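Labels A, B, C and D are assigned to the chains in the order they are written; within every chain, residues are numbered from 1.
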Amino acid sequence: MTAPQIEIQVIAVLVAVSCALPGTFLVLRRMAMMSDAISHSILLGIVLAFFVTRDLTSPFLVAAAALTGVLTVTLVELLNRTGLVREDAAIGLTFPALFSAGVILVARYAGSIHLDTDAVLLGELAFAPFNRLVVLGYDIGPRALYMMAGITALNILFVAVFFKELKLATFDPGLAAVLGFSPGVLHYASMALVSLTAVGSFDAVGSILVVALMIAPPATAYLLVDRLSTMLLLSALLGAAGAVSGYWVAHALDASIAGSMASMSGLLFAAAYLAAPGRGLIPITLRRSRQRLEFAQRMLLVHLYNHEGLPDAGRENRVEHLHEHLKWDRSFAERVVGAARDRRLVERRDSLLILTDAGREAARDAMVG
Amino acid sequence: MTLSDGGSPAIKVDDLTVAYGDKPVLWDVDLEVPAGVLMAVVGPNGAGKTTLIKAVTGLVRPVAGTVEIFGRPYAEQRRLVGYVPQRSSVDWDFPTTVLDVVMMGRYGGLGWLRRPGRTERKLALEALEMVGMTEFAGRQIRQLSGGQQQRVFLARAIVQDARIYLMDEPFQGVDATTERAIVELLKEMRGRGKTVAVVHHDLQTVPEYFDWVTLLNVRCVASGPVDRVFTEGNLRLAYGGRVSYLTHHGPGDALSGEGDG
Amino acid sequence: MTGHRSLARAPADGSSAGRPRCSRRAGASLPSRALLLLLLLASCDLPKRHDAGVPEPKELSSRRIAVVATTGMIAEAAAEIGGDRVDVRGMMGPGVDPHLYKASEGDVVRMASADVVFYNGLHLEGKLSEVFERMRNRVRTVAVTDGIDRGRLLRPPGFEGAYDPHVWFDVTLWMEAARTVEHALSGMDPVHVHVYRANGERYRERLSALDRYVRDRASVVPPSRRVLVTAHDAFTYFGRAYGFRVRGLQGISTVAEAGAADIQALARMIAEERIPAVFVESSVPVRYIEALQEAVRARGFRVRVGGSLFSDSMGDPGSPEGTYVGMVRHNIDTIVAALSVPGEPGRRDGAGGGDR
Amino acid sequence: METALKFLADLFSNHTLRTVGMGAVFLGIANGVLGSFAVLRKQSLLGDAISHAALPGIALAFLLTGSKSAPVLLLGAAAAGWLGTLFIMSVVKNTRIKYDSALGLVLSVFFGFGLILLTRIQRMPVAAQAGLDTFLFGQAATLLLRDVATIGALGAAVLVLVAVFWKEFKLLCFDPDFAHCLGFPVRALDILLTALLVTSIVIGLQTVGVVLMSAMVVAPAAAARQWTDRLGAMVAISAFFGALAGGAGALASSVVAHLPTGPTIVLCLSAIVIVSLLMAPNRGLVWGWARERLNRRRIMVDAVLADLHVLALRHEDPGHGHPISVLRTMSLGHGGVDRSLELLRKRGLVRKTEGGTWSLTPDGLAEARRLSGKGDEGP
């Protein structure tokens, strides 16, 4: 590995960690799309700041972008407060308006300048290691590394200090207000942090990866664990895993790094979606069929028990008869009988089925239950 | 339409097992509800009361078991079953009026392509009158109180003209007057030969409101006429040790507030 | 501490030196490890002076110089001038819009292992241009437009320091760019100055022949019809150099959109001045120009689509348009062929489905 | 007058305005109708998600066919958008992940995968790839007649389907469980309605671009919701708003130079939304605010009346005047005593005595008794 390669992965991991924390709350509070909304609406801030500074390289433009992020969040919140539109509609109303205002300004007053979000935010992880921070003539590393380290630290600090309040405000804003935690203030603080994290990360890794890292790892963690604290931790870990594995996929394919990282985060989600213990599609399907088999065995036992010793036992207690009486198809009936025999609940003499002592016991239990 | 209900129970549930995640919510439930009874489904939180209703109406898919309505599978008898969901299950801010919601009860009978017309309107207004909501016909549904919303749901069920009604907590968030009115209505429906199953919370009113009861706690603890089945022994089986309700209870007790489903 | 030292110093050493040492640090994947690394990085160990990393001339004279160029045009200039002294790798292949270039992982390695990076500058590569400027302490980076007299650059009114970056359409400006490449290579590898000078001379001669060719061809078109209408504002330098009025549908920025009034204004001009043809560009959807064509037809004049011009990138490698000279020739030939035939009036209710 | 008429005549004989205007109006109608359902089902942001999710479809279509023709790429975009939507529906149905997270997930992951494909394509030495990444940056100003025809046909198809399945869609959006119990194939209806939305989004994407499409889905419906409490009216108003904004945006951008059409339409939509939120009868914020002020004023007036009543009870003569300063101290914190007294005087409930003091009239006494009978109105 070369130094830039390491730096890219460290930056990506930092972005993953810093996005996972606010991302978890966004996912839980059903505001996940806020990240994407911010990525569009910051154009307006950038354009306005450019008209003031007339300089594409001014750091003021990035600050204006972050402020526009906060503005977006505030507008969405205001719309929400009216109770006239829902959260998703509020987001969908806000960002197109801000973005369109930005585009109109560019078209009217700066059409001959290459002015858009890409011109101000680097947004490309591949180039992040080459954007160095030079202090007093010393090259001390990629800018993005320092910026993301700062944002990560801020996020961790915020979550650590306000963990209790955040948790309460996330699950029960009403109760939080009653207890005097002022969910409004906390909400704005956390949304300002979302905006800051988003814009800082857009600069480092590009908007699409930020959206992916804010949503996919927390969503994956949500499938796997139930506690907020473990969810936060797991989100960060999953984000980092997606970032690093994504990097090597990009390396193998010589493809977009951000794209690969987003895709790997998506794959991790897909894996959890399919196989998460207890919640994944596969475990659920397996459990369904297992329960069906178990249940069928009990039905079998009860059936055998009911007919045991009666004159019609010779007719009723045959595998073929199960097919007719219990409406099982032949292979399923065989499977059920096989499973019951493995558990030594049933014995098979020729085609006649006979309960063992254990089987008789189990049948009685089943009937009582 | 001839119905094959000669002797077959209105609802027959066999070996019904439903699981959410890895937790069985209903386990091997057998149930027979004769036609023309007013039945309460009671049980502690998480007992699977709502799930039972949803499984009967096919809203959740059971792991095992079958449901029969008048001796035939539910899918064939769908039209005979009316469903009153929990009030919280719909969006009350939806742009629609009381009359409109009630007319929805006729949609199933209309089938594809046909629009509700004068007949449906008349039926809906009649149903609204039965629940005492005529004057609210043109109101947007958000502007109603909880009890009024519940009455609208009942009216919608009435216009369905089903033979069996399954109701999920019709008394939740409803004032005492409305509760009385609803009970009267339910009794009247029973009088007309309908079968009504109600998820219910207030144990004390069970003997007064209902003639049939099912005690549920994941398994079916007991089911039958209230005077035979609604015994302290069965309640203890269903609720474990928490049977203090018999002396004091009320909404806000451990017994109220639905958490399952 | 060694880990952090190697990481901190690696940039200054140049990447070839950093590579073997860092390969042991595969464990950086763990977030905790990464955080640790970061803390160490941020601590106060003194890195080297940043200008120490530029490769020594001596080292370069004995091997081929690794060159990375952003656009195809720059890659070609570097290859022509460097000859067999250089290994040129272009980042943006044919058909890639430099404004919208998406980097791939390979670019990291290519850039890190380059001896020199040639880029266009003037914000053609967006924010990347800025990064290249700042990278100079790490890898030698050269903006090929740096050598051009700022007075010759087009500047949109009102904004300081913002220039139109599409200089390659004025061949004489591109000769300046080639000279910048030559100087840069000579400076890095003084031992082979004669090679670069000879190659550079030869290349510039070809370019100046090309310039004459373009001028000759352009003069075929009657001055009144020397109007170049395209989808976006890339051909302003071309217009200035060869006497064409240039009209674009939309500005330079990729987010900018045209308004209905802009299309109407352009259509009115085309119809009134009876401009025979408009042109599509390889990187802009054809429909933009088709809309213009429809609008013109509705005014009772038929404007042809004169053909496709290469704007921000060259054609397929191996084809004539895959070289700078071939591309410019293709453009001027297409333009001249289309504009030297007078325009034909269309019928208002014309066969092409004008109005209705 | 004549010049104005001529100007209008010019404007409407103008080809670009007519084409763009018609396209925008049709698009506004189709999306106004479908958007109503989307907004009511909390799918407002589906447009945003689908427009991003379409990227890998476009890239794959190009990779597989090597063609950049619009139908091929559109098919790819629609397929990817459709797949993404199915995935969203499946995740929401089977897990506790909410709709917004599923949207964001599909948006970013699909787009990320699209980026991988795009960078692979970039590495291919094929000049024909040019413009692939701008395929979805539609330009509303460059609508062609054939686009208008497509949009018109699509709009008509949407209207017909929505009319045919009107009551089913209504039931699906309001109470899907109940729909299921009535025997309607809820899932199939869901897929049909979503398919209509995806189709109109993808068509719109290529012609007018991502952001305009996102706004077209949400804004007309959100605005229309304020004006009515009936679904039918909401859909109609929403279609009208969509058409209005489309027409107004097209008009504005053909009168003013350098006013991009798509964003102008978005801003027209935003203006409609703002006006609706503020001014719509019943729900509008301004009315709510006015109602509240009115109520507050009424309570204050009643409070002053009650104060006077209390004072009158202490005196044998109910007509005895009381200085305003006493009333001020009694109504501490309410303020506006002077104005309240003035209002009461106009209603003939109080009178000002010669000494500048205030007392109840017989009417006022009766009214005050009535109020105090209600109990809770006094201070």
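We adopt the following convention: a residue touches a chain if its C-beta (ideal position, glycine included) is under 8 Å from a C-beta of that chain, and two chains touch if they have at least 3 such contacts.
Just so it is clear, the structure is predicted and the values come from calculations on it, not from any experiment.
Looking at C-D and B-D side by side, the one with more C-beta contacts is C-D.
Rounded to whole angstrom, the centroid-to-centroid distance between chain C and chain D, based on C-alpha atoms, equals 44 Å. Per-chain CA centroids place chain B at a distance of 71 Å from chain C.
Taking each chain's centre as the mean of its C-alpha atoms, chain B lies 36 Å from chain D. For the pair chain A and chain D, the distance between C-alpha centroids works out to 28 Å. Within chain D, contacts with two or more other chains are made by residues 115, 118-119, 123, 225, 258-260, 262-264. Those residues of chain C in touch with two or more other chains are numbered 100, 102-104, 106, 250, 254, 256-259. The multi-chain contact residues of chain A, meaning those touching 2 or more other chains, are 103, 107, 111, 250, 253-256, 259-260, 279, 284.
Going by the touch rule set out above, the chain pairs that meet are A-B, A-C, A-D, B-D, C-D. Residues 14-17, 19-20, 70, 115, 118-119, 122-131, 133-135, 137, 139-145, 147, 209, 250, 253-264 of chain D are the ones touching chain C in the complex. Listing the residues of chain B that touch chain D in their complex gives 54, 57-59, 78-79, 81-83, 85, 89-91, 94-97, 100-101, 104, 107-108, 110, 112-113, 115-116, 140, 142, 156, 160.
The touching residues of chain D, counted against chain B in their complex, run 40, 164, 166-168, 170-171, 173-175, 177-184, 225, 228-231, 233-234.
Against chain C, in their complex, chain A makes its touches with residues 1-10, 13-14, 16-17, 43, 54-57, 102-103, 106-107, 109-127, 129-132, 134, 137-141, 145-146, 149, 236-237, 240-241, 244, 247, 250-251, 253-257, 259-260. Looking at the complex, you find that chain D touches chain A at residues 39, 42-45, 47-49, 52, 91, 94-105, 107-116, 118-120, 123, 211-212, 214-215, 217-219, 221-222, 225-226, 258-260, 262-264, 266-267, 269-270, 273, 277, 283, 285.
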